[in-house]
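We call the chains A, B and C, going by the order they appear; numbering starts again at 1 in every chain.
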Amino acid sequence: MSDLNSGLSPDSLAQIDREVAKYPAEQKRSAVMSALRIAQVEKGWLSADTIKLVADYLGIAPMAAHEVATFYNMYDRSPVGKYKLTVCTNLPCALSGGAEAGEYLQKKLGIHYNETTADGKFTLKEGECMGACGYAPVLLVNNHTMCNHMTPDAIDRKLAEFN
Amino acid sequence: MTVYVKGVVFDGVDFDDPNSWNIDAYIQRGGYAALKKIIAEGITQDTIIAELKTSSLRGRGGAGFPTGLKWSFMPRSFPGQKYLVCNTDEGEPGTFKDLDIIVNNPHALIEGMIIGGYAMGITVGYNYIHGEVFAAYERFEAALEEARRAGFLGDNILGSDFCFQLHGHHGYGAYICGEETALLESLEGKKGQPRFKPPFPASYGLYGKPTTINNTETFASVPYIIREGGQKFLELGKPNNGGTKLFSVSGHVNRPGNFEVPLGLPFSELLEMAGGMRGGKKIKAVIPGGSSAPVLPGHIMMETTMDYDAIAKAGSMLGSGAVIVMDETVCMVKALRRLSYFYFEESCGQCTPCREGTGWLYRVVDRIERGLGRPEDLDLLESVGKNIAGRTICALGDAAVMPVQGMLKHFRAEFLHHIEHKKCIVPGY
Amino acid sequence: MLEIEIDGTKLTVPNGTTVIEAARSIGTHIPHFCYHKKLSIAANCRMCLVQVEKAPKPLPACATPVNDGMKVFTHSDMAVKAQQGVMEFLLINHPLDCPICDQGGECQLQDLAVGYGGSNSRYEEEKRVVPNKDLGPLISTDMTRCIHCTRCVRFTEEVAGMQEIGMAGRGEHSEIMSFIGMTVDSEISGNVIDLCPVGALTSKPFRYTARTWELSRRKSVSPHDGLGANLIVQVKSDRVMRVLPLENEAINECWIADRDRFAYEALNSEQRLTKPMLKQGGQWIETDWQSALEYVGNGLKSISREYGAESIAVVGTPHSTLEELFLLNKLSSALGAGAASFAGRYADARLTKAQQGATWLGLAIGDVAQSKAVVVVGSTIRKEQPLLAQRLRQAVKRGLNLSIINPMDDELFTKLSGKLIVRPDQMVEAVAAVVKAAAEHKQQTVPAEVADVVVSDDARSIAKQLVAAAASEGGRATVLLGNLAAHNPRAAEIAALANQLAAVTGATLGWMSEAANTVGAQVLGMEAGNALVKPRKAVLLFNTEVEFDSHDAQVALATVKQAEMVVAFSAFKHAGVEYADVLLPITPFSETAGSFVNMEGKLQTFNGVVKPLGDSRPGWKVLRVLGNLLGLEGFDFDNAEAVRKAALPQGEVGIAAKLNNAVNGVVVTLQPAGAGLVRLGEVPIYQGDALVRRAPSLQKTRDAAAPMVSLSAATAKQASVAAGDKVQVKQGDAQAQFTVAIDAGLAEGVVRLPVAHPKTVMLGAMFAPIQLTRA
């Protein structure tokens, strides 16, 4: 069994174990969402091998983990840039500049949605409602950091931080 | 920005103080007093549920189902494991209230859930948090740790023999998980595909065990009700619409944000609190209850009060309390196109009418927006909508149809104009 | 009971019945796609929407439980409109090219669409195109046709036990697929082809070879494992084109195993023997039946005269029909050679002597799964008995405690309540431990021969489960013996102890028969065991390939090689071309009338589905002519039915009278584990009989992969080898090279290396000492 674990760092495995502990012993599968998230944070994206690693660790069918990895759209099934930027363009945000923020970013980075800059630094995604419409335009950086009120000026400042 | 007038959920919260969320601040403003009172006085489960019924608290997740009644459905004496689940998968376009609760007052939610566990004889709970607001998940985990350390959560709470474990679980990008049975599937580590009901979660829920699910705001209202009494809560609002409600106001207003106000407040006052129309423009339309609620023309809204019954009477739904305000510059075709895309994108793909129908709706609206529409298309949209509504496993099908029906009902002429002239009647969003 | 009215007809149904089931019970068909009686309810296709009085919306009949007094309308305006709406949605993204679809003519969507679909599509947007998937050598995909009913997904998860197929993605982008880079490897995977209501999943070997309306459907019975799955064989111009399950709830339910489904490819194989052949001066020449049989007759007469009839060995396999085996056995005794032998992989002669009758399952197939505890002793059950394994899996979900006493711990895709994993040479001691534990638990005297065995906690818990299950109200406990027990060199002792275990615990003892006619052969009085373990002058091989069908391939090969005359009755050219003198083309099961007696003692009769290929003839006819030619009595039969009557004068009653699992007079002697390495040589699933060996598609599956040497990590370490290493294997004087794999489910000292495979025939016996060195 030991070689199954070799693909994820001890720190990631410890994090997964903490998640597993939240659920009844026979329901380890419940931890698959956080386990995939933890694996993605470590590896940058979820390759088939990584998904299988997670599935084996939790004792579920690889296909069961793959279903989860492809159903939820914050999992990246192909490599992304160092910074994955997701702009919400849904109606409430669009009314307050969400769509423009997206367009501004495309122009500024020279890429379209679902593309990555040539230097591998930025990937741009169009997102659905993030539950933060009051702070539009909103931008999600690498899935976990929400940036509010992303007017063109604010975007410039944010991008500068990443340089 | 968050404003409250008569706070229940945000009772005493100081939004300028970065530490106002933590347990000390919460206790200082009367937090956990309700729980302590229950334990100290041995208040019975029946009394708590009766108090909730008196309060007339209705579910804040969208459907407005009376919470006291829901809690009374839980087979309390059922001997096996039972679960309590909180729905913080807020992803309905326009809604951002639960985020505010978790970030600014997580202990109100935690206390509400502990009381729920006590009232229904449940020992384990989970809070399912929308993946995109990951900071909220982390904040919630931190608050849980505080509550555990303070003895409010875990084994033998406050020295009694009542035990309650509570954990956070995050989503990772799927609106459908807000639907309660999809949420349960997701919590079980599966795709978020809604279950056919019946059986309802009260008999067959998480891991097949009896489960009660409520929205974040619903739970966060409970400590106040227990502390101050159901009657006082009821009186904050109006009959059948007890208490205050958080309204998430977005769109063309000067001060978008959350407003905790008594149910029954005139819409015009809410609009004023949100700073009025941005740029002094004329109000054209409002979606009063999240994107799944039918749109209403501005003039109808200006005559309406913000409560379940009044909005229903006006032809829409209070839903999650997300108020999307649109001014005269908004092209309704373009607005609908974006909403239809959302439902198409977020359909889980399980049942035929929703999987196939949401794509069809979107493609037709998209065609109209691109100037390729035909006059028959409006009837087609209505007909396809009829074939979806009421025939799907969950209400996402209905939610996808609602905006189409609302738009065609109130703004049909604008759609016809678009088809005829192949362009918008007004410039943009 | 609940009262319900469907379209005006009143009926009562038991609590828990769904509307679709209630409707079916009165012959009302409600259209559906996702619903399947053997799968969980998904209610996702929405085709079965019906109107229910007082319900504001149409409800899915498949998922709606009947309420008392419910009134259902399946053809009302509301119902029909809802169904039409769903049909329109299903068709907007479905190709409308039925004439080129492999499912055309047997497509549920096509059938229903004719009744519902409007003629003109209102959908004018672009249709979805879905890339195809590689699910392996058996299942072909045309994923654009998929209607997302998830029957295939639910089958792999719920019936096959492991979710090999899933629906990835979301919404309109959902796609049915296997995990990236993995094929569908279940031994019952082909059932998804039948389950798929459209042409998304079809049979790869059958693909584009015929249109369904050109095929005639004939009933038959599977000639492989001991279950006797019922088949529908589909035929075009005297060629078998496809095999499907014939539903029989008591035997195979609505399923068949992949070998039942795909082995037919061998029937049309190039290797079929179509002409009698004689070897003359070292050269094979084709001849006619008359000359060939005269040659055989003369040879037998002269050998019998010269060396005595005991020098003749008559060898069959339990894959032949009752009629063939009856005449084969009759021929053998009429020649004076005693009973014919039939189970060449049995190695313990004591077992045959001790047996009191024909060994069988001990109860009906359906009743096995009604047990509350089952202990399987010595079986790769998923591979030996795929459908029985499936039944047990379903039963475990309903609360059955399943345990194994086995030399391996293969994945069974079900929950095990207990297991004893031991070396093959310790199977006797493992069963003994459970016998002792059971006696102690019941506070009975421990039988003397097991008194010294050490009882582990696991043995104790298995014993307790059996005792508790047998004692529970209406409960039943069952001990099942498999091929690995039957083939064990100490099989008689295992059987004796299993009998004791059943007696002590109150369980039923059963044997899961190795092959389609294992029970039949025993009822006929044939001798289980290998007749080729001693030198012979003449050998008659009936449907037997000695190197694959013997316990020790090398011993059997040596015997046939030294014999003066070897006659091979076979449907195929096989290795006999090297050692035989005569090859007689007999037909496979599909070209003859006949019958098999399955593991529960049920006689199942079938007719030939196609004409004999070339000059080949049904085996019973060939034996009839040979018997007459030899001037033997009682070989005059007009048809297979007459042979059957002679074989079973009392029919099924006669079978029942002979079924008996008791053994008498076996001395059990406990032994310590052998010191060195021991071979675990099971028969791979697609090597068991002449047909599966020659089915190209089955041979491409993972189950047919080249044999490797598998060891536990500890054993590998002791032998200083690691996964992927090449090792030299030595068994007796024979040697060969294999690659090492690690198998965590093996006891220490066990070297797993299958028999019955071209790559391993040079080695010896199934469970013998073996040596390893790094190559």
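Here is the rule we use: contacts are C-beta pairs under 8 Å (C-beta built on N, C-alpha and C of every residue); 3 or more make two chains touch, one makes a residue touch a chain.
Bear in mind that the values here come from a model prediction, so they are computed numbers and not experimental data.
Engineer: Average the C-alpha coordinates of each chain, average all protein C-alpha coordinates together, and give the chain whose average is closest to the overall one.
Structural biologist: C
Engineer: Where are there more C-beta contacts: B-C or A-C?
Structural biologist: B-C
Engineer: With chain centres taken as the means of their Cα atoms, state the distance from chain A to chain B in Å.
Structural biologist: 24
Engineer: Just curious, how far off is chain C from chain B if you go by their C-alpha centres, in Å?
Structural biologist: The computed centroid separation for chain B versus chain C comes out at 54 Å.
Engineer: Would you kindly tell me how far, in whole Å, the mean C-alpha position of chain C lies from that of chain A?
Structural biologist: The answer is 47 Å.
Engineer: Which parts of chain A, given as residue numbers and ranges, touch two or more other chains?
Structural biologist: Residues 64, 67, 71, 73 of chain A touch two or more partner chains.
Engineer: Could you check chain C for residues that touch two or more other chains and list them?
Structural biologist: Those would be 167, 169-170.
Engineer: For chain B, jot down the residues that touch at least 2 other chains.
Structural biologist: Expected reply: 174, 191, 345-346, 348.
Engineer: If we count contacts the way the header does, which residues on chain B are in touch with chain A in the complex?
Structural biologist: Of all residues in chain B, those touching chain A are 1, 81, 90-96, 98-99, 126, 130-135, 167, 169-175, 186-192, 207, 248-252, 256-258, 291, 322, 324-326, 330, 335, 338-339, 342, 345-346, 348, 429.
Engineer: For chain A, which residues are in contact with chain B within the complex?
Structural biologist: Listed in rising order, the residues of chain A that touch chain B are 22-24, 27-34, 36-37, 58, 60, 64, 67-68, 71-75, 89-96, 99, 127-136, 140, 143-146.
Engineer: List the residues on chain C that touch chain A in their complex, please.
Structural biologist: Spelled out, the residues of chain C in touch with chain A are 157, 162-170, 177-182, 744.
Engineer: For chain C, which residues are in contact with chain B within the complex?
Structural biologist: Going through chain C, the ones touching chain B are 41-47, 49, 56-58, 60, 63, 65, 82, 85-86, 88-90, 92-93, 122-123, 125, 147-148, 150, 167, 169-174.
Engineer: What part of chain A is in contact with chain C in the complex they form?
Structural biologist: 1, 48, 51-52, 61-64, 66-67, 70-71, 73
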